[in-house]
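The following pair of complexes shares a single chain, chain A, combined with chain B in the former and chain C in the latter.
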Partner chain A sequence: MQNTTPFKTYAMGLIAFVILLPLLIHSQVLATEILIFAMAAIGCNLLLGYSGLLSFGQSLFFGGGAYAASILSINFDVSLLTVIGFTLIVGIALAVLVGFFSIRRQGIYFVMITLAFGQLGYYAAFLAEDFTGGEDGLLDVPRVALKLPFLPDVHFDTDISFYILTSVLFVLSVMLMQLVVNSPFGSVLQAIRQNENRAEAIGYRVKLYKIAIFAFSGAITALSGALYALMLNFAPLSNIDIEISETILFMCVLGGLGSIFGSIVGAAVFLLASDFLSELWPRWMLILGFLVILVMLYARGGLWASLMIMLERAKEILGIKEKHNV
Partner chain B sequence: MSLYLFQILNGVGLGMIYFLMGVGLTIIFGMMNFVNFAHGAFYALGAYACYVVMSITGSFWAGLVLAPICIGILALGIEKVLVRRLYAVDHSIQILITIGVMMMIREGTLLIWGTVPKSIRVPELLAGIVAFDDFVYPVYRLFIVGVTALIGIGLWLLLEKTRFGMVIRAGSERPHMVALLGINIDKLFSMTFIGGVALAGVAGALIAPIRGVDAFMGVEALGIAFVVVVIGGMGSFSGALIGGLIVGLVQSFTSGFWPAGTNVMIYSVMALIIMFRPNGLLGRA
Partner chain C sequence: MIKLKKAIILASSMFLSLTSYAQAKDVTIYGVSSESGAFANFGKQGSKGLKLAVDAADDAAGMKFNYSIIDSESNAGKAARKVKAAISKSDARYFIGSTLSSTALAVGKEVDKAGGIYINGSGADEITGTQCNKAMFRWSAPTYGAVNASLIPVLDLHPEIKRVYTITPDYVFGEAMLNNAKIILKKRGIELVGNSYHSLKEKEFSGYLSQAMATKADLLLVLNFGSLATNTLLQADSFGMKDKMQILLVWSSGLDHFRTLTPKVAEGIYFGSQYWHEDESPANKAFVALSREKLKETPNYPMAHYYQMTKLLIDSMNATKSADPDAIRKHLEGLEYDGLTGREFINAENHQVEKYFYLLQGKKASEMKDPDNYANIISKAKYFLPANETGCKM
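Our next item is the complex of A and B:
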């Protein structure tokens, strides 16, 4: 699954994507939301798709990031960079903690332990009213300005400016993750996913690798949670709910496991469908559940892989045969 | 003193409900190596089935008996159409597909019965309280302890003392060997799945008069059922019993001094146990 597309092409593709997205869907808010959840889905894919770790604790990182950013922005006069830095630290700390406990077991136990941590986080947030606002969540979260030395402050109060901020963070973090999964470190993770015992026997310290990928996942997921809270100006308790884990997982699976671009497609399709269908029929998730079953039964590569296969077929039909090495 | 007795009885009652949830999950996993994330949804459906039967017939007893049967029939259908294809696939795929099933059931119940919780009244016979000296206790909660204990004993006898149970236990150790001995393993799997899911239905129907019935009870119960099997050890009958009782008692005692913190306490106890016994208390390595 090693990707050979040059790094530059990737960057250009991503930049083109973030420029075209708001033009295509005519809503900067929805476009912002797509980028935010694409980051969360990539965080999930790092664990599930690239390392074979099915985590139900993603809501903890997402909600944790949202609370961290909100608490800091509400209570202190800080710069945006401080907020982002703090969010990343909180996300990494939570992920390392969950990772430390959950990777003691594999397979189904691992899944159940991450789910239990997700639930623990939810109930803890519910209890810690002084910090999280409990059931009401944190209201009036300000979008703090970016304060740079010798330059005027940059504010993000309009939809378009916030979209630009999200795009920049999106492109940077996706490129970073692309580097990570294509690095030797990423290859070791693939090896662990395919045969853990063998990877261990060769001499890799499997547990350290797993905790490290947890940290990456926690960081990007927390960042997306933080952006979501800033976008809404609100950090509700539902950010840390198990349903967020489910949503993120679905986006990741729908788009395709083991593909960063797949996650972006998954998040976009999910949010566009929900935007469109939820107005027609409030119980549209019924269809989504059915769709997930179908994807898992018949198209495990997800939408991205299906799209690629269709492109190949189209090329064959049109007679544009390309030589390629898989 | 009577306060402690009250809390112990409450804890045992809840614990036995959790045991019913956990044991279905654990038997299905142990036997068929199948992870059922829709287990909580079946529990919620059990409660709804009880509510529906009761509103048609007016009898709680009919609801209690018919609910698991309805859930069992549904499980039969789902097993034939879907679950049967999944025995050989990876756990993560089983999980994602059963989450799809869970979502469909949850949205389906919301579609049919709406978001307003339903309540079930217990029959006259069980509605009162019992009193010993200064100790009073609701009859219905005693009834839960009694019924679940009977089901637990019945299940234990079935698994340990009958030929059928012997085959199930053998099947959970070496399914291929059992199939080679001429036993219809497909039929056995299908029966196990139906039985395990029906137990979740029973649990849902039993808890309904205390907790009320809504679409979100499934997720809540799924989390608890996982804690039960993680504590007890996956695939172990007695593990599910001990796990269920521990969770029930922790919940009941915590609610005595810190009502809001019961869930946090349950999950913390679990974290503590897996720190020292990663396989659960009675789990096999």
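Our next item is the complex of A and C:
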């Protein structure tokens, strides 16, 4: 879904969203988790929604990012920027590795290769107990300070300060990804998704484009994994489990494929619903499963597309003239 | 006019102090329980025990006790996030339970930072060892106690056992169980003739059981747990292994395991257990009667340990007439009390509750006195490493 909404409007909308979110849900911790998983869902959407690549290897990038940030933060006296930079490098490296091998096949074989990489990552983390803490995970992960020359260190020990940090990274990431999907590079990706053979025939190096989008996906997913570990002060083994890939995919599909904002809505609805429903009924996953079936059957563009349609209809009824396509 | 102002101020301050007094008397105990996910059954039973203890407490010592269940979703990350949220949003300070050790370790760190109290029953040695902290207490015997309290009496009962075969889940818990077993076997001069490691997703044990039979072992030592152990024992029964060797499952789920296996399979097999409802201790008799009266069911291990942990916390609040975590902690450290397994003691140095661990033996169906009388208690014992050997530094 190509978006022509002005860049400034996007930025203002995102800033309003991150300001209002903790006020509306009355929990900075849950709000932080929503932003983190929204970034991970965007990473998944870049592959599936914009490029047609269904990856079950997202847990490898998420867990890889979590472990990279944790190991660096625990063992070295480094600045937050170093941790973020290292996490992005690890995420990109893992994604390029997975992409390099998986894009050689299509369809179910591609999916199986990404799944196998995800499982390999899980068992590697499980066995590398000295580095990852194995089954117990890495405990006491410190939230490293932002150290800048000539300025005092900025610490993120409180929930609100960490939420602000996550919000800044979230807004920057979303804006960057929006630029990517709206660029000529993004148009080529959508051409590849629609007809790969035709894109290749007109001269695009499809494999390179796919590896590049894997790298973007790996980077943002690893960053979200790192933030999750820093938020929890803990990097559990479950961060690299297949269940994380499923959860991210679930959010991505629920919100809507091919839409950055859809991923944000998907993550928010999933986490708010699971938080709320799990207090009401232990079998809350049944309700979420039912919700996804409804979305698949009756709102195939996801929740975001349905919201947009409802907004359009409301505008028509109210007689408001449309200025931009959303 | 001045008098009126003074009266308003006085009335307001009285109202405020009364309100804050009432709030201080409301104590919410948070149960961390896997209500969904892979260990949902355990969590569901555990929360029943917690609720039972809270409901039975009424408003003792002027405090009104409430509970709130935090669904860990059988995921340590989720549990840590929800506990963090409860601490920051609701000023939560009192936490009970967990299924997974990784959850207990992560939650323990959060509660410690918040200056609260967290009593759990997870198995990892680190909980009262290298990762211990001021907030964390554990009511359950770790692997060392479980292996010693079950294997030693079986070896004493069967001096003919000279060869042992072990089946071990390939992760930290299994490795700890195996190491403890090896130490005992070595001391006794008994040969470990073989060991099969298996993954946590294993369903088929016939290959490992065939190997155990081929080694002509005298004892099959099963070191896995839950459904893995159920599958192992069901398949061992169908192989007729009970006639060829003794079988000991060290870490059973107690009553739940007997119900799943049925007396036909469980008969003659030895089971290690953290809890057994037929213990004659006064506290246990009262608990079983309460459970049968309120819930119409005989309590199993998850119910019992959540009940005991919650009761321990509430009793401490009553004894100190305070909800201050520091006062509760000081009261708990070194406390000896009547627990569900008999006299129990809390080691002040590592916060380990030193309780009894049972060795049970499955009964014939015809010998059962009631529908839950599946086993005889062969022995109960306490085995705990001295605190200075656990690596705990508070």
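Keep this in mind: the second predicted complex is superposed on the first by the 318 of 326 C-alpha atoms of A that agree within 3 Å, B and C clash if a C-alpha of one lies under 4 Å from a C-alpha of the other, contacts with A are read in each partner's own complex, and residues count from 1 in each chain.
Operating definition for what follows: a contact is a pair of C-beta atoms (placed from the backbone, for glycine too) under 8 Å apart; a residue touches a chain by one contact, two chains touch by 3 or more.
Every value quoted in this text rests on a predicted model; they were computed, and no experiment measured them.
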- Sharing chain A, do chain B and chain C clash or fit in the superposition? clash
- Partner chain(s) touched by A:237 [first = chain B, second = chain C, both, neither]: second
- Query: Can A:119 be said to touch chain B (first), chain C (second), both, or neither?
  - Reply: first
- Pick one for A:33: touches chain B only (first), chain C only (second), both, or neither. second
- Now for A:54: first (chain B), second (chain C), both, or neither, which partner does it touch? first
- Query: Which of the two partners, first being chain B and second being chain C, lies in contact with A:108: first, second, both, or neither?
  - Reply: first
- Task: Scan A:297 for contacts with chain B and chain C and give back first, second, both or neither.
- Result: first
- Message: In the overlaid three-chain picture, which partner chain does A:283 touch, first (chain B) or second (chain C), both, or neither?
- Response: both
- Message: With the touch criterion stated at the top, can you tell me which chain A residues are shared between the chain B interface and the chain C interface?
- Response: 126, 243, 283, 285
- Message: Looking at the complex, which residues from chain A come into contact with chain C?
- Response: 26-30, 33, 126, 129, 134-137, 139-140, 159, 228, 231-234, 236-239, 243, 274-275, 278-279, 282-285
- Query: In their complex, what parts of chain B are in touch with chain A?
  - Reply: 29, 35, 82, 85, 91-93, 95-97, 99-104, 106-108, 110-111, 219, 223, 226-227, 229-230, 234, 260-261, 263-264, 267-268, 270-271, 274-275, 278
- Message: Residue numbers of chain C touching chain A in their complex, please.
- Response: 35-36, 40, 43-44, 69, 71, 73, 75-78, 80-82, 84-85, 88-89, 101-102, 105-106, 109-110, 124, 126, 131, 171-173
- Which of the residues in chain A come into contact with chain B in the complex? 48, 52, 54, 101, 104-105, 107-109, 111-113, 115-117, 119-120, 123-124, 126-127, 242-243, 246, 249, 253, 283, 285-286, 288-293, 296-297, 300
